[in-house]
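Okay, so chain A shows up in both of these, paired with chain B first and chain C after.
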Partner chain A sequence: MGQVMQYLLNGTMNGALYALIAVGIVSIFKSTKVVSFAHGHVIMFGAYFYFTFAVILPGAEFMPDWVAKWEPEWLLAYKEGAMMFSPKAAIAAWVSNLPRIVLGLVGSIICNALLAVVIERLFMRPLLGQSSLSMILCTVGLIWVLEGSASLIWSADIDQVPALGPNFPIRFQLFGDQVFLFSASVVNFVIALLLFAALMLVLRFTRSGVAIRATAEDQSTAYAMGINVPAVFTSAWVVAATTGAVAGAILASRNGLSPTLGLFGLSVLAVVLMGGLDSFAGVFIAAMIIGIMEAFTQWKFGGEYAEIVPYVLVLVVILWRPNGLLGQAEIERI
Partner chain B sequence: MLTIENINVNYHHAVQVLKGFSLTVNQGEITALLGANGAGKTTVLKAASGLLGLENGHIEDGQIQLDGVSILKTKPHMLARNGLVHVREGRRIFAEMSVEDNLTAASYALTGRHKKADYQQVYDFFPRLKERSKQLAGLLSGGEQQMLAIGRAILAQPKLILLDEPSLGLAPKIVDEIFEIVRRINQEQGVSMLLVEQNAAAAFRVAHQGYILENGKVVLEGSIDELKQNKDIQTFYLGMGEHQDASSFRDVKHYKRRKRWLN
Partner chain C sequence: MITGHYKTAYAADESIWNNWAKKSGLVIALIGLFAFPLFANNYLLLIAGQILIYMIAVTGVNVLVGYTGLMSLGHGAFFAVGAYTAVIAHNAVENLFPLITLALSAGVAALFGLLFGLPSLRVKGLYLAVATLSANFIILFLIRQDWAAPWTGGRQGIETPNAVIFGWELASNTAKYYLIAPVFVVFVLFAQNLFRTRFGRALIAIRDNDHSAEILGISLYAYKLKSFAISAAYCGAAGALWSYFFPAILPEDFSLNMSITLVVCLIAGGMGRTLGPLFGTLLILLIPEILKIISGVFTGGDGNALIHFSSIRDIVFGLLIILFLIFEPMGLVSIWDRFWRFVARWPFSK
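Let's turn to the complex of A and B:
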């Protein structure tokens, strides 16, 4: 029994990451009615951009040394005598990585935003007014374009990328259970939640949020009321790609960099379908359920089952509610 | 204000809906566009507001001008920002947003115009919307939704409103209320309007000029006073006279009559 809390926590943290990935798919779908099958590969690009700006670039000849390894006097003094794996040592290591972490994040967010603009302008905009099916198929084609170009661009050996937060083990008691976490996972979890929450707040309470919601509900009427709908489309892709850049950085630091990242992102599409393509709340709930289910199956039945059982659940939910947990019935026709 | 000259419109390059259609809305006037179901009235409005392209509709020939400037290639949001606002058939309010957010969405039409959104003005026209400003628009009654649709247009401070069947599905009392507001918007704000209606009697009460559309062609046009005198209009649109059961204008040899108005 003793490990329930442990797996619940693991599952919740994975769930938050799924939610962060799913946010991109939902925001694109809500405003453009396009299901982006390429979102996983956009995330993969984010991960590679993070690698480029946090590892390759700081190591380049022309970069000052402090970008790769920042060691001011006070930091050396601080870590003096710190034990290996101690929080102190981990924090010191993180601080000296901080310049390249920041560079990596900023770089991957900007590059991914540009990538989104290019995709939207080049592949989506010309199809505006056509059926959304043709746009959806276009995103499927994008998978191969992105995968192919990634392997052309990043042929060099892949190194470890720095985690976004300091990484040390944490042990504590939770409802009588002994639990164990890595601090980096906690930081990732908090980042994912904050991004998700920030997006919800913008959508709910800002004027731009009104324009996005209006477009989501009725594109042509929003357009006729003075809302620049094509610009809303572009911003939906940019939101997806930038949250995807952060997700990519997290995934790369957690699981390492590889082209399979794209497929991982694709599997989150199942979470989105379960929650309801057009519902942020539904998708958040679904992400948590899947995360926790996965953790518990892993615990009880082992890793092979962890890849299957949650998706069986997705199928069951979709059979029971074809539009997902909180999805709107109207989207059935797409 | 708005001139449409000789346009041909089709959908999917297949169905020809408007054939050599022309119409003028004079500054400060309400022009009524009447016609049976499927005549092409909504298509005229979509052609003017730039929405046609979104539905695979095409303007093959002719010209549409707003204040003497061609708007054939202008995007819908830029038309709204230039003062041409389309209140669409079926109201098309944003059901999942609050009444106030619906109005905020309309404030995008003020972009680049150095004007402030005047919510109070809308609430003065429609006090009922004020009471429900925080409520979800989808929960409003049909009449209130139509008020919101018109309220959004008012908030956009337009010079021309294209108004598509505001009386659709509403009780006579609400129709009267709404047309009274339409008249006030026209008179107090000096807003010109192109009013599409099935309810000719209501439209005639507020309009200055009128056009009758049949199968994509104008068959009659003139001032409202002239139209009111017309026997066929009285019979088929105003429900007077002995042919009350006849349902379509088609049975009549209307070209003769058309000539009478055009000469």
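Let's turn to the complex of A and C:
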């Protein structure tokens, strides 16, 4: 039972991350009807930007020392006598990393937003009005461009990046069994959920959220109602890229930086299709299901099998419900 | 060229080589194809063989994507199925006649195509693309498994046999080239002919509007599945040739990258045309070679430049796809068409 709870928790944590990444794909699809195959690589760029701003830049000579390692008096006092790997030491280490974590996050969010604007203006805008197939293939082409430029820009040795939260092991009893977690993954989980919820609220209650939903409903009517549709497209890409930047930072701190981060985006594509392309709720459910199923597969069959869980699940679900769990059926006219 | 031929029968309207220009073009192309090894060195033959194999596979993808309008990002897996079938067949029966291997590989790949074409009955467009992408991951995963290793060699890959025809082993690149080239011609001609038949027209009708096609009495299920099977069979045959051509195969050879490359070749060339896959493959597979030459000129064979070579190649690849989509959505074939239209109407063309 304890093991079941353990893997359930691990799965939920992963699921939240999936949901955070999937939200980007859904928001692009909802407003522009383009499914971005390159979202994983946008995330990878977010991760590399985070690395640049949180590791390379603070290490540069012109930066003041406190950016790389912030050690005010009170922190040293607090840290004194803390055991290795104790929560206290972990929190102290986190606080002294805080400037560069913040710098990294802000930097990667801004850079990724710029990247999104460039992608949208340069590559997606000229394709407006073409078939959705060619737009999708354009994002496939983008995969190569992003992958190539990433390995061209960041060819230096890759270091560890700081985690977003203090990292210490948490052990507690659940139904009489010992359960084990890392506090950093709890922080990641909370961040992912908060971002997801915040996006939902923005979409539901703000003016720009309404504009995005109106564009999703009917582009030409939205135009006629005075909504700046191209601006909506740009903002959808920016939303996707900024959530992707946070997801990238989380992924980089958890799994390490590598060009294979981009492939992760493809399995998220499976999540999105399983949930239904235009349904945030469906995608959230699918993300949780896949996260948990992956964790259990890892437990029962080993990590190798976990790799193909999203793909098998999406095949099954698509055969059963062609538009995903909660997706809307497209009405076609001859 | 396209002006001034007078047709008196429907058969003439249907004929493929309907004027002297096309006929002589075909003859020149065939002579060029079969005379190529006389002038080429071993390295050129290696590239040429690879290109021909890819052309067969891309022609198969064209049947599905270009003519039937079903998106697939999983054809690398069918390629893999063909290649591994050939190896397994050769390990079971020594010195199997190559044509039997080809038929076997194509057949097994077609079966896989039928199986993974099943989602196409329910979904299309993007959902199908992701379903086939999933199929790609799953098939490669199965090939990599340890329990499959006695047959497939697992993740270490497996050595492949040479083709043997009546006791003559095709070991040199030239010999292999002469095995591939006739197969290539037959497969391309088959595809060209397929779309003059009732069956081919039905596929085109499905591409143009599947609901209308169904109303016209075309069974979507049967035709979509058959289209999947045919295009998978092409890839399977290409895979068998691949396993003859290279000394060993690895599961990674047939990853998603290959599936995407196949589709990219098709887009660059032009979908739904016979010449499209040929032009597209030629362009896409020659890019690395061209880049190699260019970088050699700029750096004078400097080793440092080669480190970035694969990244630059990736960027050029990606940009090429995007630029084609933006500026030439119909592919190289449309440039070709425009050129010949210009020539045909000269001096009145502008």
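The rule is short, and it goes like this: the second predicted complex is superposed on the first by the 327 of 334 C-alpha atoms of A that agree within 3 Å, B and C clash if a C-alpha of one lies under 4 Å from a C-alpha of the other, contacts with A are read in each partner's own complex, and residues count from 1 in each chain.
Here is the rule we go by: a residue touches a chain if its C-beta (ideal position, glycine included) is under 8 Å from a C-beta of that chain, and two chains touch if they have at least 3 such contacts.
Everything numeric here is computed off the predicted structure, so don't read it as measured data.
In the superposition on chain A, A:Ile91 makes contact with neither chain B nor chain C. In the overlay built on the shared chain, the residue A:Leu251 is in contact with neither chain B nor chain C. Judged by the touch definition given at the top, the superposed model places A:Val145 against chain C, while chain B stays out of reach. Look at A:Tyr223: by the touch rule set out above, it reaches chain B but stays clear of chain C. By the document's definition of touching, of the two partners only chain C reaches A:Tyr311; chain B does not. More chain A residues lie in contact with C than with the other chain of the pair chain B and chain C.
Using the contact criterion defined above for the overlaid structures, shared-chain residue A:Ile28 touches neither chain B nor chain C, since it reaches no partner.
Contacts of A:Arg213 after superposition on the shared chain: chain B is touched, whereas chain C is not. If you check the complex, the residues on chain A that touch chain B are 129, 207, 210-211, 213-214, 217-229.
Interface residues of chain B facing chain A in the complex, by the touch rule stated above, are 49-51, 53-56, 75-77, 79-81, 85-86, 88, 92, 94-97, 101-102, 104-111, 152, 156.
Touching chain C in their complex are the following residues of chain A: 35, 123, 126-127, 130, 132-134, 136-138, 140-149, 151-152, 155, 266, 269-270, 273, 277, 304, 307-308, 311-312, 314-315, 318-319, 322-323, 332, 334.
Taken in their complex, chain C has these residues touching chain A: 71, 118-119, 122-123, 125-127, 129-131, 133-135, 137-138, 141, 209, 211-212, 215, 256, 260, 263-264, 267, 307-308, 310-322, 325-326, 329.
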